[in-house]
Every structure is written in C-alpha cells, then in structure tokens.
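Below, chain A partners chain B and then partners chain C, in two separate complexes.
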Partner chain A sequence: MEQLVQNLVLGLLLGGVYALAAGGLTLIFGVMRVINIAHGAFLILAAFITYSLWSGLGIDPLLAIVITTPVIFVVGWVTYKLFVAPIRTAPMASTVLLTFGLALVLEAVMGTIWGNNSTAIRPAYGNESFIVGDLFLPKAQVYGGLVAVLVLAVLWVVLTKTWLGRAIRASAVNPAGAELVGIKIGSVAALVFAIGIAAAGAGGAITGILYPFVPGAHYQWIARLLAIVVLGGMGSLNGAVLGAVLFGVAETMTAAYVSPSWATAVPYAIVFAVLLIRPQGLLGSRLREDAVPA
Partner chain B sequence: MSQLSTRRGWKAAALGGALVLALAACGGGSSGDGDGGEQSSEPIKIGTSLPLTGEFSQPGQAAKEGYEVWQKMINDEGGLLGRQVELVVKDDASNQNTIVADYNALISQDKVDLLLGTFSSLLNLPASSVAERNQMLYVEPAGGSPEIFSRGYQYLFFAQQATADKQGKVFAEWVASLPEDQRPKTAAYPTLDDPFAGPVVDGIRAMLEPAGVETVYQETYAIDTKNFDTIVNAMKNADPDLVVNGAQFEDGIGMTRSMLKAGFTPDMFFQTNAPSFGDQFTEGIGEENTEGIIYAVSHSPEADTPGNAEFVKKYEEMFGTSAVPEDAADAFAAAQVLQAAVEAVGSIDDQQALADWLHANEVETILGPLSWDETGAPQGEFLIGQWQDGKAEIVLPEDAATAEIEAGWSPGGAG
Partner chain C sequence: MNAAASAAPAPAAASSRWTSPLWIGRAVAALGAALLLLYPVLSDDAYYQNMVILSLVFAVGASGLNVITGFAGYVSLGQGAFIGLGGYTIGVLATRFPDTNPWLWVPVAGVVAALVALVLGFVSLRSRGPSFVIITVAFLFLVQVVAVNWVSLTNGTAGLTLPLPTWDREIINWPFYYALVVILALQLLMTWWIRRTKFGMGLIAIREDETKAATIGIALPTEKILAFVASTVFVGMAGAVYGYYLTFIDPRGMFSILISVQIVLSLLIGGKATLWGPVVGAFLIEPLNEIANNNLGGGNTRLFLFGGLLVLVVIFLPRGLLPAIESFLERRRTRGKAGLVGQRIGTGGSLASLTDRVQVVDRSQIPDRPLLEVTGLTKHFGGLKAVDDCSFTVPEGSITGLIGPNGSGKTTVFNLLTDTIRADSGTIVFDGKRLDGTPPWKRAHAGLGRTFQITRLFGEMTVLENVVAVQRSFSVGQLGRIAVSGKEAAAAEELLEFVGMRAFRDQRAHALSYGQQKLVELAQILMLDPKLVLLDEPAGGINPVLIERMGEMIRELNSYGKTFLIVEHNMPFVLGLCDPINVLARGRTMATGTPDEIQRDPAVIDAYLGDDFRVEPAKPRKAVS
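And now, the complex of A and B:
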C-alpha cells in the first residue's frame, strides 16, 4: 500500500512536469491549428539557457525561470513573425513540415553553441528529497510541480478572465467573426505562439534540472508531448493537464508493476485505446472539419 | 513565382553537379592512366560515420577526437604507406538507418579507400553489414555485443580486449573471491535495452549467481527512459548489497542521480560506460558522489603500453586535457589496428589480404596487444576502474592496477 502511494506520488510529480511542457503545445494548436513539432526543441533550448545562467552566472536554475521564460517568449514571437506567419493559413501539412524544419535548425544551433555533449544542471537540492513518513519526494520534482501549477494557473486566468483571452478564444472559434469585431488575428496568433513557446520554456528549465539533456533530446519530448495532447484532446488546456497526469502515472505504474521495459510503451497503448473510444481525446470537442479554417 | 525560381535553382544545381562530375571524371582519367600498381601521391581516404549528435554523441565526439589524433600523428610521420591520410567523417545522429546510408555513401560516393568503425554495438551492427557486403575491412573501436560476432563476418575486427559478455569478468571474479563476510549477498541488475550494456550485465550475473550472490532485482529499461525514480524505488525496496547497472551515458547519469535522490546508496555500485567519461561523468553526478563507483574500461592514460604516453601527450596538445576519454583511446587503437594491417600487407588494394593478416597476427596497441578469433572477437581481458578521490584509477587486474580497490560506494551528497 505504502509502495502504491509512493509510486502514485512519483507519477503525479512526473505528470506535473509533462503538463507544463504540453500546455503550450495544445494552446498553439487550439488557436492556430498549428502542430508545433519544434516544441520539444524550444524546451531543450530553454534548458540550455538555464544551464548557462546557472553554470556561468551562478543563478539558481529555478529562479532563472524568470529570465529564461521571457527570453524564450521573445524567441517564440520572432520565430512566429519570421517563419510561421507567412504560412499561417496554409494547409496543416505545411506547418508540420515547417516546424519540423525549425526543430532541426534549432538542434543544430544548440549543438553549435553548447556542443552535443550531455548536459546536466545540478543545484544542491537536485539530488535531495523531502522525506514524508516513509515516502520520498524528490525536491526538484516537487518544485517543478509547483511551478507547473503556477504557470498553468496563469495561462488559465489569461485565457478565461482577460480581454486577450477572449480575443484568443474568439480567434480560435470563429476567425472571420473575430476579425469583423476588430481583433487582429495576426497579432493574436503571434502572442499565442509566443506564450505557448514560453510555457515550454518554463518546462524546459524544470526538465533541465531533472534530467540530463542533449540537443537531440527534443525528439523524445515531442513524441511524448504530442501523445499527451492527443490523449487530452487537441486544443484543450484542461485536457492536456489531465493527459499529462495520466501519462505520468501510467509510466510510473508500468515501471513499478509490469516492467521498466514497458514503461515508455504502455502510455502510448493507453492513448490508442482512448482514441478508439473517444477519437476527440478525453476533453476535446468534436470539430466540424468543414468549419475549421484550413 | 517562387516555385518557378526554386525549380530553376534545382536545374542549375543539377547542371552544376553534372559539370563537376564530368570534370572530376576527366581529371581522374588523365592522372590515373597507369591504373593501379604504381604508388599514388593522392591522400588515402578513410571513411567513418559517428554519432556526433543524438543519444550517443558523448562517445561519438570522443571517437572523432581519437581518430583525429591518430591522423595527425601518422601524417606528421610521413603518412600511411607514404601517403597522407584524409578522414571523411559523417554524422549518423545515433540513428541505425542513417548509419547504413552513411556507410553506403562513403563507399559508393566518397569512394573511400578504407573504413573505420563507429560507436556502440547498436550502430556497429548495421554498419558492419554494409562493410561486409562490400568486402571492406571493418575495424570497430566499439561494438562488443556477442550478437556482432554471431554472424560469421570475415572483414570485422573489434579493437578492444574482450566482447561485452566478458567485460565484467575480472570484476565478477573479484567479487566472487571476496571472503564471505565481505561478499555482497544480494544484487540488483537494472539494464538499458542495448546490445552492448545487456550482455555485460548478464555476464556478471551469470558469474555471481553461482557464487551465491542472490539476484533480487533484474529489469531492462528502454532507451528513451528519462525518469528513473520508479526503478530506483523498486530497487530500494529490494535492498541489494550490490547494484550492477548496464548503462550508456545519459541513462547512467540519470540512474545515479535518482539513486541519490531516493537516498538509496548500496554498498557496492558497478556501472558500464558512463563512469569512463572522466570530467563529463563528474560533472553529470557531482565529483563528491563518484567515490567508489566501479566500472570496466579498456584504456588507462597511465598504462605503459607502447605509444600510450605519446598518444596521451598528443591528445592533450590537441584538446587541452590529459583526461583522455576511453572512447577516444579505443578509436585511436582501432586506427592503429588498421594501420598495422596496411603496413604489414604494404598495399590497400586487397581488403581480403588485410583481413587475413589480422586473423593471423597480434597487434600492439595503446590498449595492449590485441588478437582475434575467426569471427573478429578479441581474446583479451578488460581493466576494472574505480573512482577514488575524484580520480579514475585502475584497480584490477593487479598487474595493471594504479590503486587498491575499495569495497564501497560512498557518495558525499546523499543524506
């Protein structure tokens, strides 16, 4: 029983980190119908920037999020203006290709700047745990989970309580109508893209503390993140959080009670199973394909 | 419009490419009329594809350095058979498909004269098949998986002392020989799903179980495993005296850090690969946590094997550190093996002759003397290393040892 709780807690903490990374991806898709394959690469980029701030300037990597996230926000905004904006209304396949290309370019740029060696951010608490009774809660994971909750809460407030949020949702639901009432879809899209990337940036800072990384690690992340977003329902922020937590728990439970060799496969099997029953994902809504801007 | 201009661009590129090819053919025709036999002054082209990016970028980069040190040294001495050596290095991004394309391109497009192998068994498995099919000598600096030698290849040679299943042999023998009150009673064997790491761990387990060391945990994890907390938690509950972790680099670091987080510090800790990476290992887990970690290793910078001191000196000169990664040394040794065969045969035209010579002879390398059976598997024994006071020492076998083996793992960071 105690072991069950321990494994459950480890799974929830892992899910928190996944949620942080997946939130931005689902946001970008929800508003822009852009599947951002470069999302994992931005995550790793944030990890490298955090590493430089930590190793070069001695800034605590968790505090560094305050610097990393705005930097990544700007990178996201510029990326959008330069590369994504020109093909925003192109078919989805084009944006998938474009963002895949972006991921490759980012990987090469990171390799040039930081080298292709495995990098680890190790603050003093990186190897420590909170001990609660017989349970151990790795400190970095707990902090990461808290940051995830904070960032996701901010995202939620922005989306539901602010004018910007209404503009974002309006652009997603009915672009033509939004434009008619004076919303500049292009600007909103740029902001959404930048916010989504910034969320990945916060996630990257955390994952950099938790796991060693190389520029090429983005492939493993994008595979997980896409699965999480599809599981939760593409475009649904709540769905992404739910999907992430399920994914994290499934991974830990499989490793503990089946075998670690199945741990990275079983969550994907669950995604398949859910999609068979609910093709729109757990919290996704069925889209009218004919009404979706191509 | 832009599409049109792109298409025009392609046409131009294709035309340009054709022109270059035609010119090259002409040039080749005029200079190479003699058609073999006579000595060319052209450089000898040696091709390899290494995992310079992706999961195996650590060993890939190190191997590239090793090859470059060899190239520099041999060119400074007047070259191979009097010809300068030119390395053609491709990046396979740690991908099994890319490496096949790379070696095919090396042979058919770059028209290299000789091949050198790549890093990790995972990539050498497909790469050596390409070489064998093209009947080209393939000396690999890594790739000790028994699977590699089960295929009856004739052109394949592994330039380390022993195959993976025998890598931990010296360590296992030492554990089995400990007095009963010091010998671990239980052991855990978490292993990366990898054709190299798996057999090392299986080899050790196969020797320790008969010696009375009970197996209390044995699992394989996938290469994209990032989170080791659950595995570590399960091991912690099994409470083994000894942990033998079959790892490459990243997962080895992740596993060790997870063990520290969980406060799980077994009496004895053996890990493959990662601890042999010198500074990168200490940076990955923290120098204070390395104390006592044991690993198998092929090379020691301090060994008095012929040419080793010169190699270490040259490496330091070129890359600024005397902490030579093991994989750089392995790559250098592979090139030494190739060099020995070429110099003994006196020509690079007959790859079969090169392979025949290696099957029949022993080669002196910086790893010590190497010789091979008919499958290309080496016949020697590995060294066992241990981290002591932030320094990688050789502790077994005794005649090669630079320090006495310590029994325990005592990380400083764990509570």
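And now, the complex of A and C:
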C-alpha cells in the first residue's frame, strides 16, 4: 500500500514537470495553430544550459532556472522572428515540417557543443530523500515538482489575469478581431512562442536534475509531450495539465508494476485508446468552423 | 517518331509542344528510366550501386508519402517506420521459416504495413486536424520501443540476421536492385492512377478544403484512411527488400528517425503532389546523405544538413523543385499571350439542349408533398441561440425562399442542414428519410447540394477538376473511376457549358473572379444531381446581368424537377423567383407565405427594420408600415 501511495506521489510530481512543458506546447498550438516539434529540443537545450551553469559556475540547478528560463525565452523569441514568422500564414503542415527541421538543427548544435554522451546534473541533495511516514520521496523530485507547479501557477496568472493574457486569448479565438481592437498579432505570436518555449525550458531545467540526458532525447520528449497534449485536448491548458498528471502517473505505475523498459510505451496505448473513443481529447472541444474558412 | 512526323506540317505548334513542360518532363523521365534499368549492367561499382539501391528505397518511401501528404495534405512524420516494419516482417519470418524463399515475404511485408496503417488511420484520421501528424510521431517512437523490448519476436537490440543470398556473388545486388525498380514502378503507377481517379480528386479536395469536400459527397474518414493505407503498402515491400539487402536488421537502424526525415525531405524538395518529384528528391538527397556520412564525419553533420535543408525548403522552396521548374517553363512559353481569365463568360444554353440526362417534367406529375421537413432545429453557440426551434418545409418541385435580417440564422440553418455544423437538436426529414445525425457526405448522397455564401472552390484544382471531384454516392467502384477524362469529364463539361464557364475548364479555380466562382460552384453542385439545391445568396456580389442569368438558370433547373431553397437578401430577386417564402428572425421561422403575403406582413417588416425603427422617434409604429 505504501508502495502504491509512494508511486502515486512520484507520478504526480513527475506530472507537474510534464504539465509545465506540455502547457507551453499547447499554448503555442492554441494561439498559433503551430505544432512545435522542436519543443523537446528546446527542453533538452535548457537542461544542457542548466548543466553548464551548475558544473561551470557552481550554481544550484534549481536556482539556475531563474537564469535558464529567460535565456530560453530569448532563444524562442529569436527563433520565432527568424524562422516561424516568415511562414506564419502557411498551412499547419508547413510549420510542422519547419519545426521538425529546427529540432534536428538544435540536436546537432547540442551535440557539437556538449557532445552526445549521457549528461547528468547531480546536486548535493541528489541522493537524499524526504521520509514521510513510510514514504521515501527523493528531494530532487519533490523540489522539482514544486518548482514546476510554481512556474505553472505564474503562467496561469499571466494568461488569465493580465492584459497580455487577454490579448493572447483574443488572438487565439479570433485573430482578425483581435487585430481590429488594436492587438498586434505578430508581437503577441512572438511572445506566445517565446513563453511556450520558456515553459519547456523551465521543465527541461528541472528534468535535467531528475534524469540523465543526451541531445537525441528530444525525440522521446516531443513524442511524450504531444501524447499529453492530444490526451488533454489540443490547445487546452487545463487539458494539458490533466493529461500530464495522468501520463506521469501512468508512466510511474508502469515502471513500478510492469517493467521499466515498457514504461515509455504503455502511456501511448492510453492515448490511442482515448483518441478512439474521444478524438478531441479529454478537455478539448470541437471548434466552430463555419465562420472563417481559414 | 509518330508525333514528330504528324507535327511536321505545323512547325509552330510542334515547337511549342516540344518545349512544353510535359514533353520535356517525359523525355527526361524516359532517359532516367533507361539509365536506371541499365545501370547495374554498365557499372559494378559497389559504392554507387549501394547508393542507387538506397535512393530507390527512399523514392518508394517518398512517393508513397506523396499520396497522404501531397494529395490529401496530411503530413506523416512516421513514414520511415513502415520501411522498418517491412524490414522486420521479412527478418522475423525469414529467421522463423529458414526453408522458405525469403522473397515470398516481400508482398507479406506490404500487407503488414497496410494493416498497421489501417489501424493507425482508424485511430487518428476519423477526425480532422493535428491528431494524425502527432500519432505518426508517437508511432515512430513507439515502434522502436516495441522492437527493442519484444525480444522473443525481434531479438531486441541484438537484431536479426537474415539468411545470406544464395545466388552468384558477381550479380549479388541485381535481384535487390531490380526488385526495387519494379516496386517503384508499381508505386508510381498507383500514384499516377490515383491522381486521375475520383479517389484522387477527393483527396486533393480534402487537402484544399475539408469542410467543403464533405458537402460534395466525399466520405472523409474512408478516403483518408484508404489514402494512408495506399501510401504504405509498397513502402512496406521496399522495406522488406531493403532488410533482405542489408541481411542484418536492428531497431536503431531500421527505425532510425532520420529515415523518416530523409523521406519527408525527398518529397518536399522534389515537389509534393507531383508524380516524379519524390523520385527526383530521393535521388538528390541520398547522395548528399552519403557525402555527409562518409566525407563530412556523419552524426551531427548529417543532422545539420537534413535539419537545415528542411528549414530552408519550407521557407524558400515550399512547392518543391519540379513545380518551380514547371511554372518557370510555362511562364517562358506563354509569355506575351493573353490570359484566359479576363475572357467573357459564355452565354450558356439550355441544359436540355446540351445533354439528354435532363428533361422538362410535367408539373402535375410532381407529388404534393414536402421534400424537406425541418422540425425544431436548434443550435446554440454558448449563450447565443443562432437557430432556436426552427421549423419549416420545402414543397417538392418548389423554389422556396429563406429570408431574414442579418444574424437571423439563415446560413446557420444551411450549415445544420448539410451538417457543416452539427445541430444540437431537431429533426430533418428529406425525401422521406431522417437525415439528422448523418454526416455531410451521406446528406450529399441523399440528394442535398449546397453552395456557400463566400464561394468555396478548391483553389489549386482546375475548374473541371472542381466539378468532377463530386461524389454522388459511395462505392469502391466509383472511387476508382477515371475522373479527368471520359464520361465523368464529359458530364462536367456539359454543366460548365450550361453555366457558361466551359472555356475556363483548365484554369485553376483561385484565378477566377468571385462571380465566375459562383457559376462554377453551381455546376459543381449540379454534378451531384441533387434533388434539393441549397443556394446561399446566389445573387450576392455579382452584376445585374449575371443576376438575371442566375434567375433564368434556377427557373430552368426547376422545370427539370429540381427543388430549390434559396437564402438571399436581394428582395426583387427573391420575390420574383420564390414561392413560398419563409422568414427567419432570431433563429426561428416567423412567417411563411407567398411573396405577396410576405410583403404585406407587418411582423416581417418589423423584423427587418427592428421594432425600435421609426422615421421619427415620436411616431407610432403603424406609420412605418
């Protein structure tokens, strides 16, 4: 029983980190209709930057998020302006291929700078655990999960309580209308892309502490994040959080009770099943599509 | 030779023919095919033979991908996984049954790939949108995990070693080489055939405008899933030959993500939705891949190369090489000649004089019954009641009008009738059958044809293709019917002649003016041979002469027994044409009657002008009427 509770708690903590990264992905999709295949690559990039800050400058990896996230934000903004903006109005198929290309380039860049060997961030508390009753909760995972929830909360406040958040949501619902009331769609899109990428960056900085990583790990990440977003419903932030938590728990449970090697595969089976029964995902909605034949 | 001889008396025509992209393309293709067939005989350089063999594998992969991505517009990033599946099919079967000839497993691999595609398609292609591309990414990753972990079947990371080829070492590569050439030929034949059939037209229509495609009878999920299956079957076979050629298969090699990248890149660079583009692309990219691998250090260089090329192609060469070259040649060839787009619209003739498929019906023979009976139709968008408990009937053989102020729900009613939007509740009885709850294409098959207020033709298709894309019913036989020539095309041309647009048959629809598009859309709907034609503002935004012609055509079609339901704001047009007229206000029918009754109904005038409308605020409402 304790074992089950422990796995559940670990799954929830992991889900928090997934939610952060998947939230960025679903935000970008919701506002721009862009499926950012490079999302996992930005996540791994953040992990490498965190690694350098920790190993080079001795900064605590969880504190380093304060540096990593803004850096990745800028990288995301520049990426948008250079590559995504020129094909902003192209069909979704084009942006999928573009971001796929970007992912490969990023992988190559990381491989060139940091090498293709497995890299791990091991802070002093890496091997310590909190002991609550009969539960052993690794400190890194607890801190990581809490930081993820904190960043996610900030993101949520920005989206729902600020003018920027309203502008973003307006752009998502009706780009032409948003433009008419004075919102600069291009600027909002750049900001959203950068915020989405930064969320992935924050998630990457945290997972870098939890697991070792290589540049090529971004494929696994994008597959996982896309699965989460589909599960929750494309473009729905709440859906992404729900999907992430379910995914995190499912992965942890599979690793504990089935076999660690299948842990990466089983959650996809869940996603397939969800799509069979409910193609729009758990919290997704079918959009009204008669008004603007985009 | 024949062509040259017959062209001799007309040198001008001949020169333009030989410089036309079509003939240049054919000559290049013939030359390429000859070279490809003779190559192993001419050279036994193993390095280049290997390169050509790999190019062939990628050419099949890219050409297959072309069906789902180029035609139907659904990007798959998991195409490489089907090569891997093919390889593993032959690997597993050949090691299990060492006494059977491994070549036997090549077609089996095609079937396995097709079955997997069927399942994936069923999961992700029933809805539209991004699920498909996402599922393909997940699949690419998942299949590698399965190959690693299902050790009893795949021998895990240790891989499988196939029986070595038994034939003469001198010609060791020949069987692989020619098997791949045959598979590529079959793949290209299939692509060529699909492009000419109703099936292919349907796929391109889906790419251009999926919502609209559904309303002209295209059964979306079925066609998309079929396209995905078609795009993988030969790829699975090529994968099997590839696996046998390598004689060793493991998860990292067979399910490498870079295989998928290379396939996608080949298709993009060569040109989507073209026959030869994917082949050209594959033969360009594979040598680059070899150079990057052997001379530039592989690994990260290959990633830079592929990733960078992908980004550059998407931004700077979105249509691919072949279409770019083709439009360049076409521009040179037609320089100085007037375009067709400004040509006058034909005056048309009566449809009965163009075809014997229609004849004037005797009015007294038309049964006195409603063809369409709508009861309690309701649709809410959040708190907005767009259509609220709306009921009306359309008598058979009538031209019924549907009018109402802006925002009264007319277009939404049309959308609900054709299931472009799903109604919240209400029943739709058409021709004695319940239609509510059925998808748009079934309604089109039942005899419901609908035009859009803002015309929705398939922009990249020609006028003729737009008309022949229509599917009157669903059957496998019909999907395979050749659409671009023969009976279908002849019927489409009659309708185009009727609306006066025949001269434009080979123009792309996006090049037409709004009025011209309206006429083509009418011809397109008539191709459905509908019992009831729903016209959304047929007279909106076109000149008075054309409005008059539109009215004539509607009356003529009505005399052949076609029933109409027309939404229109042009009151003289509606009052002169329609009887009865239904008036919609706030999402429900508020009045029904003859034009005279409607014109005199104070409630109707009130609804149009608003109950706070007064010439002067102090005047009583009566003054208005």
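One rule holds in what follows: the second predicted complex is superposed on the first by the 284 of 294 C-alpha atoms of A that agree within 3 Å, B and C clash if a C-alpha of one lies under 4 Å from a C-alpha of the other, contacts with A are read in each partner's own complex, and residues count from 1 in each chain.
Throughout what follows, contacts are C-beta pairs under 8 Å (C-beta built on N, C-alpha and C of every residue); 3 or more make two chains touch, one makes a residue touch a chain.
What you see is a predicted model; the values in this text were computed from it and never measured.
**Student:** Clash or fit: chain B against chain C, after overlaying the two structures on chain A?
**Tutor:** clash
**Student:** For A:220, decide between first (touching chain B), second (touching chain C), both and neither.
**Tutor:** both
**Student:** Would you check which partner chain A:260 touches, where first means chain B only, second means chain C only, and both and neither mean what they say?
**Tutor:** Only chain B is touched by A:260; chain C is not.
**Student:** Examine A:22 and indicate which partner it touches, taking first as chain B and second as chain C; both and neither are also allowed.
**Tutor:** In the superposed model, A:22 contacts neither chain B nor chain C.
**Student:** Look at A:195 in the shared chain and tell me whether it touches chain B only, chain C only, both, or neither; answer first, second, both or neither.
**Tutor:** Once the two structures are laid over each other on A, A:195 reaches no partner at all.
**Student:** Under the stated touch criterion, which partner chain does A:252 make contact with: chain B (first), chain C (second), both, or neither?
**Tutor:** Only chain B is touched by A:252; chain C is not.
**Student:** Just checking: does A:102 make contact with chain B only, chain C only, both, or neither of them? Give me first, second, both or neither.
**Tutor:** second
**Student:** With the two complexes superposed on chain A, say which partner A:271 touches: chain B (first), chain C (second), both, or neither.
**Tutor:** second
**Student:** Just to be sure I read the superposition right, which of the two partners does A:118 touch: chain B = first, chain C = second, or both, or neither?
**Tutor:** After superposing on A, A:118 lies in contact with chain B but is clear of chain C.
**Student:** Once the two complexes are overlaid on A, one stretch of chain C runs into chain B. Is it 96-104, 240-248 or 528-536?
**Tutor:** Only 240-248 shows clashing C-alpha atoms.
**Student:** Could you list which residues of chain A make contact with chain B in one structure and with chain C in the other?
**Tutor:** Common interface on chain A, chain B vs chain C: 107, 111, 116, 220, 223, 259, 261, 264-265.
**Student:** In the complex of these two chains, what residues of chain B are touching chain A?
**Tutor:** 52-55, 57-58, 60-61, 93-94, 190, 193, 219-222, 224-227, 229-231, 233-234, 237, 249-250, 253-254, 257-258, 260-263, 280, 283-286, 289, 413-415
**Student:** Please give the residue numbers of chain A that touch chain B in the complex, ascending.
**Tutor:** Going through chain A, the ones touching chain B are 3, 6-7, 10-11, 14, 107, 111, 115-118, 120, 122, 126-129, 131, 136, 138-141, 210-212, 214-216, 220, 223, 251-252, 255-256, 259-261, 263-265.
**Student:** Under the definition above, what is the set of chain A residues touching chain C in their complex?
**Tutor:** 29, 35, 37, 83, 86-87, 90-94, 96-98, 100-108, 111-112, 116, 219-220, 222-223, 226-227, 229-230, 234, 259, 261-262, 264-265, 268, 271-272, 275-276, 279-280, 288-290, 293
**Student:** Hey, which residues of chain C end up touching chain A in the complex?
**Tutor:** 69, 73-75, 77, 122-124, 126-127, 129-131, 133-135, 137-138, 140-142, 145-146, 148-149, 209, 211-212, 257, 261, 264, 268, 299-301, 303-304, 306-311, 314-315, 318, 381, 411-412, 415, 420-421, 454, 456
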